[in-house]
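Note that chain A is present in both complexes that follow, paired respectively with chain B and with chain C.
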Partner chain A sequence: MANTETALKEALASIEGATGVALVDYTSGMALGTMGGSKSFDLTVAAAGNTDVVRSKLRTMEHLGLKGQIEDILITLSDQYHLIRLISGRGGNGLFLYLVLDAKRANLAMARHQLKKIEEDLEV
Partner chain B sequence: MDAEPEVLDELRRLRARIPQLTGALAASVDGLVLAQDAPGVEPESIAALTAAALGVALRMTDATGQGDFRELLVRGIHGYVATYAAGRSAVLTLLAQDRVNVGRLHLEGRRASTRIGELVDEAAARTEPPPRSRPARSPTTTTARAAMPTRTRTARSPASPRSAANARTTTEG
Partner chain C sequence: MTTVRMPPPLPTRLRTQIPSGGLSPMLSRLAAERATGVLMREGGMLYLSDGQVMYAESPATPGLDVLLIARGALDEDGWREAVAQAGARRLVGRFLVDSGRISQGALELCHLGALYDAAYFVLGPSSAPARFRYGEPHWLGPVRPVPVTAVERETVRRRELLHGIWPDPAADEAPLVRADRPPGATVAPRQEAVLARIDGVSTATDISRVLGRPAFHTLVDVRRLAAAGFVTPRAAEPDPAGPAPGSPTPVPVEEFPLFTDPHITLLKRLRDALEAL
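So, the complex of A and B:
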């Protein structure tokens, strides 16, 4: 079991190409923790913005009558990957992990796999 | 306040950017409405209440050593009331539904309050001609004048016979 800070550190250190990571509460849009990022990449702005992405998808699924759960959302930019992984169970409801990857350095399949493990270990 | 149309523009922009906002108003710290876009509520009473809440918030930040007031967030069952400091003499109060993205509310609220603060402070500087600058300047100049001649006189006094003679000859000639 890892706490928020350990999980964020692990994501940034062990996932190849990771440049920023945040744990976000999508009921409020506020980040519980952020790590990495830069002056030009404000992770709290990303947290608020991607909250709208998650909410929008959940609403769409509700309208479509889909019963499944979102596991993750992938956004592909020309030079970056953004991975959103919703946290399931153990009081982690309403939270997601947000990971920014440099597309040149990252291995997407590996990053997804590692992020899943980090999410499973995370205790909020 | 001649900044009102610009402040109102800012409030409208804010409501367009965050659809879950149900109202926005800018008030002076003493509780008067500067501009408002808040249908369905009494802006005057919200502004007055904001001033009262602000008073408590200021004392709270002061008593706990947290420095100057920045923002105040109140959450009810049906939604939020957020107040942000806007410059030296104004505040921005936003009303939002419970399902609002608070992260976004803060981002947009802070940005708008900075802008509104600039507008209001600029307008205040324009309407109030600085009355203090003149009386503040004149005493300093008189003291400077009073101090300077005595010093120069004492410094010059040993060489006074020659210079006085020179001066006399030039004035005579």
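So, the complex of A and C:
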């Protein structure tokens, strides 16, 4: 696999409209790597907060007795998309990729597809 | 309904915000002077190189080897050989990658996980003085150095996270006992694995080692389980029923005395001043 920095750089460079990406451990809420973001958009804060989103969804699925795995979670804002992709590799237990997209420039279907490819590359 | 026994307040400093001098004034100074060596504190050791944190070790946490082996990223023989071959040159990390045993990315992620995990315990509140020995790089070698400020920020964030889940820290170090399962409550699979290993003797640290998970992650699970009423720390008095037959005799937990001495504030200020020297 690529090293984490390369994988995140690739995500930012190759996905149209991507403005930030983070690799996050969802038990601790720690961002193991971030790329992009800005002064007004702190990716480490976003990473920590979104662990709660992932945890709530997993819990709700348990309560409902759903056996499927979460592939990704999409949040749409008026001007941004946030895409969360859970890493399912054998050692990736408990990690997710968090991608911030500019809604005007992004192609959602394409971004989803590319993020999946980057997840495969990471194969942690 | 579970009754929660709140322990007496401990005379440690509550630091949910980084004071101006950093979590450890000594560490901030070492970072500023770009020191290389090892910082020894009550909770473990931080290895610095050029003022950056290279690695951290704590008796409370499983090491990088345990995490790598538990994830299936490496086997025990592979680890042993790497330490034998490259330990003396202090380049074990690079050897693991160069010899194709593990990818750079997987090593980095596990290394960061282990570093921040141990650093949380090393930088925990302590009453013992810290020491620094110059010029001793860690045998793992450089993998991914982290600035001191990042380690401090993450440590404080982790403290707040735990406090937000369940404010009683008693379950962090004490042997854990299972409480009556609250009716209708469910537990996430990762927490179920923790719950299954609670036997009245093991502490959160013991459970992390068995599961091959970072100790902080187990603390998060334990505090969530405590908040939901599944788990309580064992009281200081030995259980009247005694430990299960065949299990090792548990070491009694030390009960902290109540501090009522008005001079305690003065002593704490003195300690702070001495540590800041």
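Following the convention adopted for this analysis, the second predicted complex is superposed on the first by the 122 of 124 C-alpha atoms of A that agree within 3 Å, B and C clash if a C-alpha of one lies under 4 Å from a C-alpha of the other, contacts with A are read in each partner's own complex, and residues count from 1 in each chain.
As a working rule, a residue touches a chain if its C-beta (ideal position, glycine included) is under 8 Å from a C-beta of that chain, and two chains touch if they have at least 3 such contacts.
Quantities reported herein were computed from a predicted structural model and do not represent experimental measurements.
Engineer: Quick check on the chain A-based superposition: chain B and chain C, clash or fit?
Structural biologist: With chain A as the common anchor, chain B and chain C collide in the superposed model.
Engineer: Once the structures are superposed on A, label A:47 by its partner contacts, choosing first (chain B), second (chain C), both or neither.
Structural biologist: A:47 contacts chain B only, not chain C.
Engineer: If you count the residues of chain A that each partner touches, which comes out higher, chain B or chain C?
Structural biologist: Here the partner covering more residues of chain A is C.
Engineer: After superposition on the shared chain, which partner residues are touched by A:61: those of chain B (first), chain C (second), both, or neither?
Structural biologist: The answer is neither, since A:61 touches no partner chain.
Engineer: What is the contact status of A:7 with respect to chain B (first) and chain C (second): first, second, both, or neither?
Structural biologist: second
Engineer: If you stack the two complexes on chain A, which partner ends up touching A:94: first (chain B), second (chain C), both, or neither?
Structural biologist: After superposition on chain A, A:94 lies in contact with chain C alone.
Engineer: Does chain B (first) or chain C (second) touch A:29, or do both, or does neither?
Structural biologist: Touch partners of A:29: chain B and chain C.
Engineer: Could you give the residue numbers on chain A that contact chain B in one complex and chain C in the other?
Structural biologist: Touching chain B and chain C on chain A: residues 28-30, 48.
Engineer: With touch defined as at the start, can you tell me which chain A residues reach chain C in the complex?
Structural biologist: Interface residues on chain A, with respect to chain C: 1-4, 6-7, 23, 25, 27-30, 32, 48, 58-59, 62-63, 90-91, 93-95, 122-124.
Engineer: Would you mind writing out the residues of chain B in touch with chain A in their complex?
Structural biologist: 101-107
Engineer: Residue numbers of chain C touching chain A in their complex, please.
Structural biologist: 71-73, 103-106, 108-109, 112-113, 116, 154, 157-158, 161, 186, 188, 190, 214, 216-217, 220-221
Engineer: Chain B touches which residues of chain A in the complex?
Structural biologist: Touching chain B: residues 24, 28-31, 44-45, 47-49, 51-52, 55 of chain A.
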